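One structure follows; several queries about it will come next.
Chain nomenclature is as follows: A, B, C and D, assigned in order of appearance, with residue numbering initiated at 1 for each chain independently.
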Amino acid sequence: MKGSGWRETPGEGGHPVGRLEAFSDGVFSIAITLLVLEIVLPLHSERDLIGALLAQWPSYLAYVVSFFTIGWVWIAHGAITSHIVRVDGIFMRLNLMLLMAVAFLPFPTRLMADYLGQASPERVAVAVYGVVLFVIALLMDGLWRYAIRSSELLKDELTEDDLAIVTKKVTLSLGLFGGSILIGVFLPTVGVLCYLAVSTFLVVPFRTIWHAIIRRR
Amino acid sequence: MKGSGWRETPGEGGHPVGRLEAFSDGVFSIAITLLVLEIVLPLHSERDLIGALLAQWPSYLAYVVSFFTIGWVWIAHGAITSHIVRVDGIFMRLNLMLLMAVAFLPFPTRLMADYLGQASPERVAVAVYGVVLFVIALLMDGLWRYAIRSSELLKDELTEDDLAIVTKKVTLSLGLFGGSILIGVFLPTVGVLCYLAVSTFLVVPFRTIWHAIIRRR
Amino acid sequence: MKGSGWRETPGEGGHPVGRLEAFSDGVFSIAITLLVLEIVLPLHSERDLIGALLAQWPSYLAYVVSFFTIGWVWIAHGAITSHIVRVDGIFMRLNLMLLMAVAFLPFPTRLMADYLGQASPERVAVAVYGVVLFVIALLMDGLWRYAIRSSELLKDELTEDDLAIVTKKVTLSLGLFGGSILIGVFLPTVGVLCYLAVSTFLVVPFRTIWHAIIRRR
Amino acid sequence: MKGSGWRETPGEGGHPVGRLEAFSDGVFSIAITLLVLEIVLPLHSERDLIGALLAQWPSYLAYVVSFFTIGWVWIAHGAITSHIVRVDGIFMRLNLMLLMAVAFLPFPTRLMADYLGQASPERVAVAVYGVVLFVIALLMDGLWRYAIRSSELLKDELTEDDLAIVTKKVTLSLGLFGGSILIGVFLPTVGVLCYLAVSTFLVVPFRTIWHAIIRRR
């Protein structure tokens, strides 16, 4: 693949997908591991450490939601890159935008962990957090739509059905996160539980587990 | 491997194990390297820096135990993935749970480093830390048991003996960590030394070193 | 490739480019993900969290500029390594210098985020930040020039045109960052906007996007 | 390579070197990138930011020495792994010890950055830092000596000369770091400059650069 590094025109050569995958996986795994730094140690709580640890439930909740979200992004990203054989300049930049949003997630995570349970700012923190989740889902959607439109990037053997499954799940996540933000603005605590439900739904394959249980009986 | 990204049914295709290994190794190597951030610098101890550094022994102890535990998880994870040829959706999610527990470890590490040596909260910190170690061993056990049950994931040439060795060591770690927590609740300092002993036992191959010494004489 | 680890003479063997790419990608992805830690949480702003979040615009601006710059370094680095087949000792050390400058970027980023908007120190912070950006571009330029001079490292099939495109873009970035620093010393806020413009220009392929839009009509 | 994950006996199978390299590179690249977090932002220095930044010279010095040291460890580690074809259990654990020492380096780096320039504690900080550097060099030496003793791990085509070059450089680094600590205990500032000189000497191939300059005339 000669001298393709600076060519950004899609369809003529393009980059092999390997290094983009490696760099993206690096950012995902670092962002997911940095989340723990947002959980602040309860200081000066010698007398009731258990109580102090339990009082930090918003931190753990935020940790789990963000971990599931990045975990889902990683799985979905793997699904997208497993469908394509090469990337062009625009795909690389769209991907960079996605990475920027994912790498930013620890900040709203900390924000939500800090302000959950405090009447007025709670609403703002939950909304800001939701917007970042929504932007991540939006960029994932954009990345996927760009990939299937530029047929040069896709593997030949893909059927319409294969593409439809991915499109459906990506679009669904967009609607679910969007709805959760609306709920979160009016009922912050319910909104956060919605985020938890959506990210759990995205990352845990309930239907498959159900099928596996049935089959093994 | 066409369009397998979103299929979660085991046995029909599945993902190659490579990207899961890379992502897991990323999380392990970051979590293990972040541990050092939990060691707080002794401030305002110009007069007796050596004393201040030595007084921080719980930090170093917690660092070594956590480092050995993650190191062992990395080695054991490599043992598991070296036995399998492909992963399915459930394996990927179980693996994600394991990563979530490992990535969480820096928090209880900091907790234990802070509260060790303080009568009452010490007990809580040591127990919390132990529970996280136990959950990690439990998830490793679950990951392994799932892998050997779904024969589609395993390499063909494996013998019963090969599987038995791994099963034995994973189960053993579960019992040892469980026992250490019980001890830690009653005798916190002894419990921590048990964690150190278990993680050292898991990571250092005494028998092999002994054999190697004998053979070279 | 026998025993080449310590040989540093170019042209006789040299290292394969793989491990250098992996290590560099690691540093780039970590540095780009650590940037978010520089964004400080607005504390004690329960009454007006939206206002407090908006008042932190220099942090977000610095985040975006640094993210784009490291993203560009990653793309450009990939362009360089895709042109070469092996690296020698000098290339490895030049690369290490580049990594040192990139890994240092979070510090001036924090500096700029903290002092932007404060009359006198703003000037210093913007200049220091610009100098680090300039040094990064300078080391990238050096790395590239070294690569094309030592013909043993380059792939055979490269034409003069391929080399000229890379050389032009690397040199251009040098001039643009240099000019922005000069502006930043006199008009700090304008200087930062120039950094934003340059990094956006480097990372976003406007011409390609334009062509793609036209073609799809 | 069937079921080799838990076998720790050298010479019968062993692991391929790939995943060990990837994990080690991960730890090296994270540790090297975390160093920047040790540089504290000068706070409340609106009046004289340049002065405050310059007063932080120990931080920059510690950053450069630690960066060069880890950079050298990375290059030397690559030299070692390029000589071997497989790793056994003992090699893996020795390697884990080396990683533990390298991952610990940010702590003494911060310590030295904080206490350099303060009469009495300076001596302690410089000595502690030197001991960690020495331990790193010692573990590298051990890793190398173990690799060349177990002939099963080495590549076949290696000559005695190839091995001698690596042995010489690793041993030399041990003596140089050891000597620097002795100097550092009596003359802390001189000791730090020795660390800088040793790490620069290890990472920069002066002889090669000199030869390259002569050859190109």
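Convention: a residue touches a chain if its C-beta (ideal position, glycine included) is under 8 Å from a C-beta of that chain, and two chains touch if they have at least 3 such contacts.
Only a predicted model underlies this, so the values are computations on that prediction, with no experimental measurement involved.
Novice: Degrees of rotation, nearest 5, to put the Cα trace of chain C on chain D?
Specialist: Answer in degrees: 90, to the nearest 5.
Novice: Count the residue numbers both chain A and chain B use at their shared interface, divide by all numbers used there, and answer same if that is over half, different if under half.
Specialist: different
Novice: Let me have the rounded angstrom distance from the C-alpha centre of chain B over to the C-alpha centre of chain D, please.
Specialist: For chain B versus chain D, the centre distance works out to 25 Å.
Novice: Counting in whole Å, what is the centre-to-centre distance of chain A and chain D, each centre being its mean C-alpha position?
Specialist: Going by mean C-alpha positions, chain A sits 36 Å from chain D.
Novice: Tell me, which residues of chain B touch at least two other chains?
Specialist: 22, 26, 30, 34, 37, in rising order.
Novice: In graph terms, nodes being chains and edges touches, is this line, ring, star, complete or other?
Specialist: If you draw each chain as a dot and join those that touch, you get a single closed ring.
Novice: Spell out all pairs of chains that touch, sorted by label.
Specialist: Once each pair is checked, the touching ones are A-B, A-C, B-D, C-D.
Novice: Where on chain C does chain D make contact in their complex?
Specialist: 1-6, 8-10, 15, 19, 22-23, 26-27, 30-31, 34, 37, 89-90, 92-93, 96, 99-100, 103-107, 110-111, 114-115, 118, 120-121, 124-125, 128
Novice: What residues of chain A sit close enough to touch chain B in their complex?
Specialist: Touching chain B from chain A are residues 21-22, 25-26, 28-30, 32-37, 39, 41, 45-47, 49-50, 53, 63-64, 67, 71, 74-76, 78-80, 82-83, 155, 157-159, 162-163, 165-166, 169, 203-205, 207-209, 211-212.
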